[in-house]
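Pasting the structures here.
You will see two complexes here that share chain A, one where it goes with chain B and one where it goes with chain C.
Moving on to the complex of A and B:
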């Protein structure tokens, strides 16, 4: 009986390897590779333009794929999705303008590096972190996909609710020196996230009669405002150029940036694992993954004060996580038909128009296409990391443009990109309002990253809270009866108490040092 | 500068504004059904508590310093000790330039607002030569039009003043 079980397991492994290779073989055709490359170029461009990103790119490409074979269409989509993070990281670093929402985490240290004239170093590091993150993500997904259903089913609404709170808590503690202000801003972000139609109780909330707000505050226009517009207002006030040093842009450090990643392998591996594990949880998305990876890296660092001032690990951690997340986000999308984010929701539309219904049956019926898609996505991530570097030199000169030229051009593109998301002029107003808010937050030293995470998580956290309450028939015991929930609650308490413990520990250390100095 | 518990009064302003926002939010929230308001009201009350803690942490009192030590272990610098300070008039002007551009887009649409704003901003703020401002204004408009209207097939907003265009 044992031998029969072992034989069955070996057969399963052989079949899985066969499918992996089948997917890779399907990709190694000139025409398919051509579409992957085309998708990669489109992804780089759409990733670099604030407000567009992978969701818009796939939505626009969807009708154009009608005439393509399903495998080729998925290869094209994989090419787009794999390259978007690299495109977004270039503008994040150079202009503090995240091309896509997850790249907002890259701004925190990438842009200070650009201001110090180290744009090449930051972009090189982002490129290789992307590539390695994608490879680690792919390996993890290939290993996990066959058993993914069991893993995701362990998470229910109580765990998703607590995961949301955990993400908020850990990001708040990462805003070192400003944890209290981080929590205040997090609460403000949650309050904004509750604006709009409430699908739990029905009816709209906090819209004050404005029809546009029924859909809530749109995330991307808000992000463009918080980062791009706020930064341009700051540049107008400050004057000069983005690169404060005024010295020539040091693109020569790009190779050093590529190699820098290998000096920080634990950061890359940690970021990739966070991207892979958290990315597989529906509803959290790339933005949470990127900020979580950044926060955990800052927490784990021996020199946390350097984060936010141009620490290269602050670029590597989110970039590795974003690409790994892009791979693992396929797990809930393909296995359960639950999109891990907006990009995956649009991608599901593409699957459906090509006759593939996402869900457990897809894993059985379209394995070659699935593995082909994973390989295409990985290939695009790795290729884009190097092709993207070719565009860096001209783009890096942007950091030396005078604010008098740069500001109107960036604001024009930012507002047009914001409008283009769903062709609503109200998006432009949201961008302007969040731009002013973002500037005030910079001016009064409130961390902007907390508002982003709260905006992303707010609606889902509330939905999961209500579902948990329904499951527990109105009682809180639902959170105590499930081992993963209990583990998450302990983790949240530990994270929130961490600054107090650290403070006490530092005090004790100072006292000990003082005692040693004054000793005999 | 007037001080309150050892801290300049102006430093309390952001927390005070957030406090008012949270109160308005709570008042609005209590107008909804118990189920609809359950979570937002909880967050609203949490916001009020956090803002009050933030206000306390800003004071130079024993409680404020304890809070700062606990929740801000990296020793939060006070605003009056921070980096460069810019002239308030300059800050207001910068915010108005950005808000004015958004208003111009809403009124005149992208194809009017972009050249006008790029030209005006470069000429008045950037002090660039007239021909340069004209060329860059036209080029920026052409880029926006080519990218969005031609390449992406997105019809740019025509503006409230020219809805028929």
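Moving on to the complex of A and C:
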């Protein structure tokens, strides 16, 4: 790996193309395709049910793959992983319940769209964003794979820490007009994130001797509470149904949704690139990627105030990012055995059972299988978008259900899903508590965006900071000695100063217009 | 005609009567296991111990007297303590068994101060193989070429070692190992998972990393790390000093054992059935092949050997307790 000379690289590229086609060839057998399709269906269902997701699906499938060839087992896993985001986006949009943690970003604009009776539009857009995100993600991954291991090695604790800060900064500045509230909520999120066993110094924080809290507040139950339960409380208080306008959901909206993506190509491409780049670096994870993509799009938009109220870009951006991320998350997992999340950790277990050890040798000895996996994942993502759309019309009717029926249904599914994650009743308590918190945040207009990102990033960012300090023996110079760190610090400064610049720029523009008007 | 019919009836009745004795025959078949067995894994799916169980369990089913399924159940909360506590409290009828990380569980219990289980009281069924020993690695690009270089560096400044969090066995191995070898260290703690902290050394975050042999082998084969010293009594790496050469035989006691156990008080016949099935599974060609490909030694241990091993590990780690608990 380190001994790559020029000739070696050229030979490597020819070999890679051969393997790439080999992966596709391996996939084009009826039985393998059947497994991809099966995986896709499972992924859709598990993605949609809150609390389950790809992690549970792959864990349950592991024993069933024993008799399969490694290539086929990977095709199945790829099928599952590709379809999960689409499944999750459906429940996010219709019920404000994130099917999986990253889909929480889709709730922010997806659900308001459903409330306006435009559920079909939103799901259609999510579907095509998923598909395009997956394609862009895959192409980028294939391009990057040869240098993937070198890339992973360039990022260490100082870079991870700064990336965490960068994500927090972007998300903080996206909560326009509510920046102070955003910071309050972010601080609360960080405090909650610090609960648990401290990996760096040892010792427990805020656990009060409760064994469940050793691992901290579990994320997915908290998210289910913040979004699903909070929304149901809101609905109970408000009455009526999710779709407020009386108009029935039209089929045409779905095709419109699919095509909507092409009106916003910059958003899709931006989201996909964010997903691919950030996904390749172990440390942030799908949830942060989705929220990051959302925030960047909101910032770059001409009317950022429309985000959170049903701007279709608010659905396209995170969904594209999630699928692109799922492809590139394979890079650190396969090249070094560093799982970029719980789903990848379980997936690694699957690999090992089938005799494929993630690590530097994986790329050398199992290239065909890896490419087959990537092909399967992409195919499943694209296919899931269409299959998901087939069910949009009946599913969208859920938004017209009266709250008297919907609320108990969703609440029981949410709590059951939350319990099912670890078979721990404490998860249900967490969901309930965060449900109340989420409702209060909705009621008093505090941005839930910040608390999610803070919850996800808090513990890891702190850990990376301490590790950086240990590496640099207590000095701050460690951040200045590394080129990527310096780049990130400049980026953070730029992001934080952006609102100031924008304010100044706007002022100048207003003055100029006033001067012109009062001119000749 | 009537005679034949009556005779048929008598023959039929006789046949029916003898058929009724068949359950009696079936009843003399082994009573255990009569239903599925749960195999508790106190970790999340996908991790090292999870994989071992998922490879061995289906093979173990073949060697049980009756046809049942061994169902792996993951209970990941609390760093593993919830699964262990659940196993401890389960009915001791042989239908719940689990895999324990020794000395991981001792360390965890020290850190958590939990009284939910007493590690001395479990019914030991056996162990999945030889304990994993540790080695000292450096990144392939590191200027340190031999153990002597490492020792020389330690004299100049503390060596930076990347380790897992204090609840992990790699942390314990690093602390104890470097104490025994007289190396000054600065630990960079908190890396998660079994690969990240080794990658840290490859990347240059740390000078060296102490990792278990199966983990290290992945990186050695990929050409990304170099082994400087082994804690084994006899080094399996040519040209690399071992515990004997370095004059610290205690290093060989630092190992990660994969112990299979049941709740306290399992009847001896049931315990025996399980342990024989486990031993046969570990000798099965499927398991042997997988183990060889993954640098894992799956030699089985008897319940007596396991009990002794656990006691020995406990004594060893009690000695080092003060270095491992947070001050």
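To be clear about the criterion, the second predicted complex is superposed on the first by the 508 of 520 C-alpha atoms of A that agree within 3 Å, B and C clash if a C-alpha of one lies under 4 Å from a C-alpha of the other, contacts with A are read in each partner's own complex, and residues count from 1 in each chain.
Here is the rule we go by: a contact is a pair of C-beta atoms (placed from the backbone, for glycine too) under 8 Å apart; a residue touches a chain by one contact, two chains touch by 3 or more.
All values derive from a computational prediction rather than experimental measurement.
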Superposition-derived comparison: chain B or chain C, residues of chain A touched: B
Which superposed partner A:347 touches (first chain B, second chain C, both, neither): second
Chain B versus chain C as contact partner of A:470, first or second or both or neither: second
Contacts of A:428 with chain B and chain C, given as first, second, both or neither: first
Contacts of A:483 with chain B and chain C, given as first, second, both or neither: neither
Which of chain B and chain C A:201 touches, first, second, both or neither: both
Touched partner set for A:215, first chain B, second chain C, both or neither: second
Those residues of chain A which chain B touches in one complex and chain C touches in the other: 198, 200-203, 423, 466
Chain B - residues contacting chain A, complex: 13-15, 18, 21-22, 25, 28-29, 32-33, 35-40, 43-44, 46-47, 50-51, 53-54, 57, 67, 69-77, 79, 82, 84, 86, 90-91, 93-95, 97-99, 101-102, 105-106, 110, 114, 117-118, 121-122, 125-128, 136, 140, 144, 147-148, 152-157
Chain C to chain A touching residues, read off their complex: 44-47, 50-51, 54-55, 58, 72, 74-79, 81-82, 85, 111-112, 114, 116, 140-141, 160, 164-167, 186-196, 199-200, 202-206, 218-219, 221-224, 290, 293-294, 325-326
Touch list for chain A against partner chain C, complex: 1-3, 55, 58-59, 62-63, 66, 152-153, 156-157, 197-204, 211-212, 214-215, 282, 336-339, 342, 345-350, 352-353, 355, 357-361, 364, 422-424, 463, 466-467, 470-471, 473
Residues of chain A that touch chain B when the two form their complex: 49, 60, 176-181, 183-184, 187-188, 190-191, 194, 198, 200-203, 205-206, 208, 229, 232-234, 236-238, 304-305, 402-405, 407-409, 411-413, 415-416, 419-420, 423, 425, 428-429, 431-432, 435-436, 439-440, 443-446, 461-462, 465-466, 499-500, 502-503, 506-507
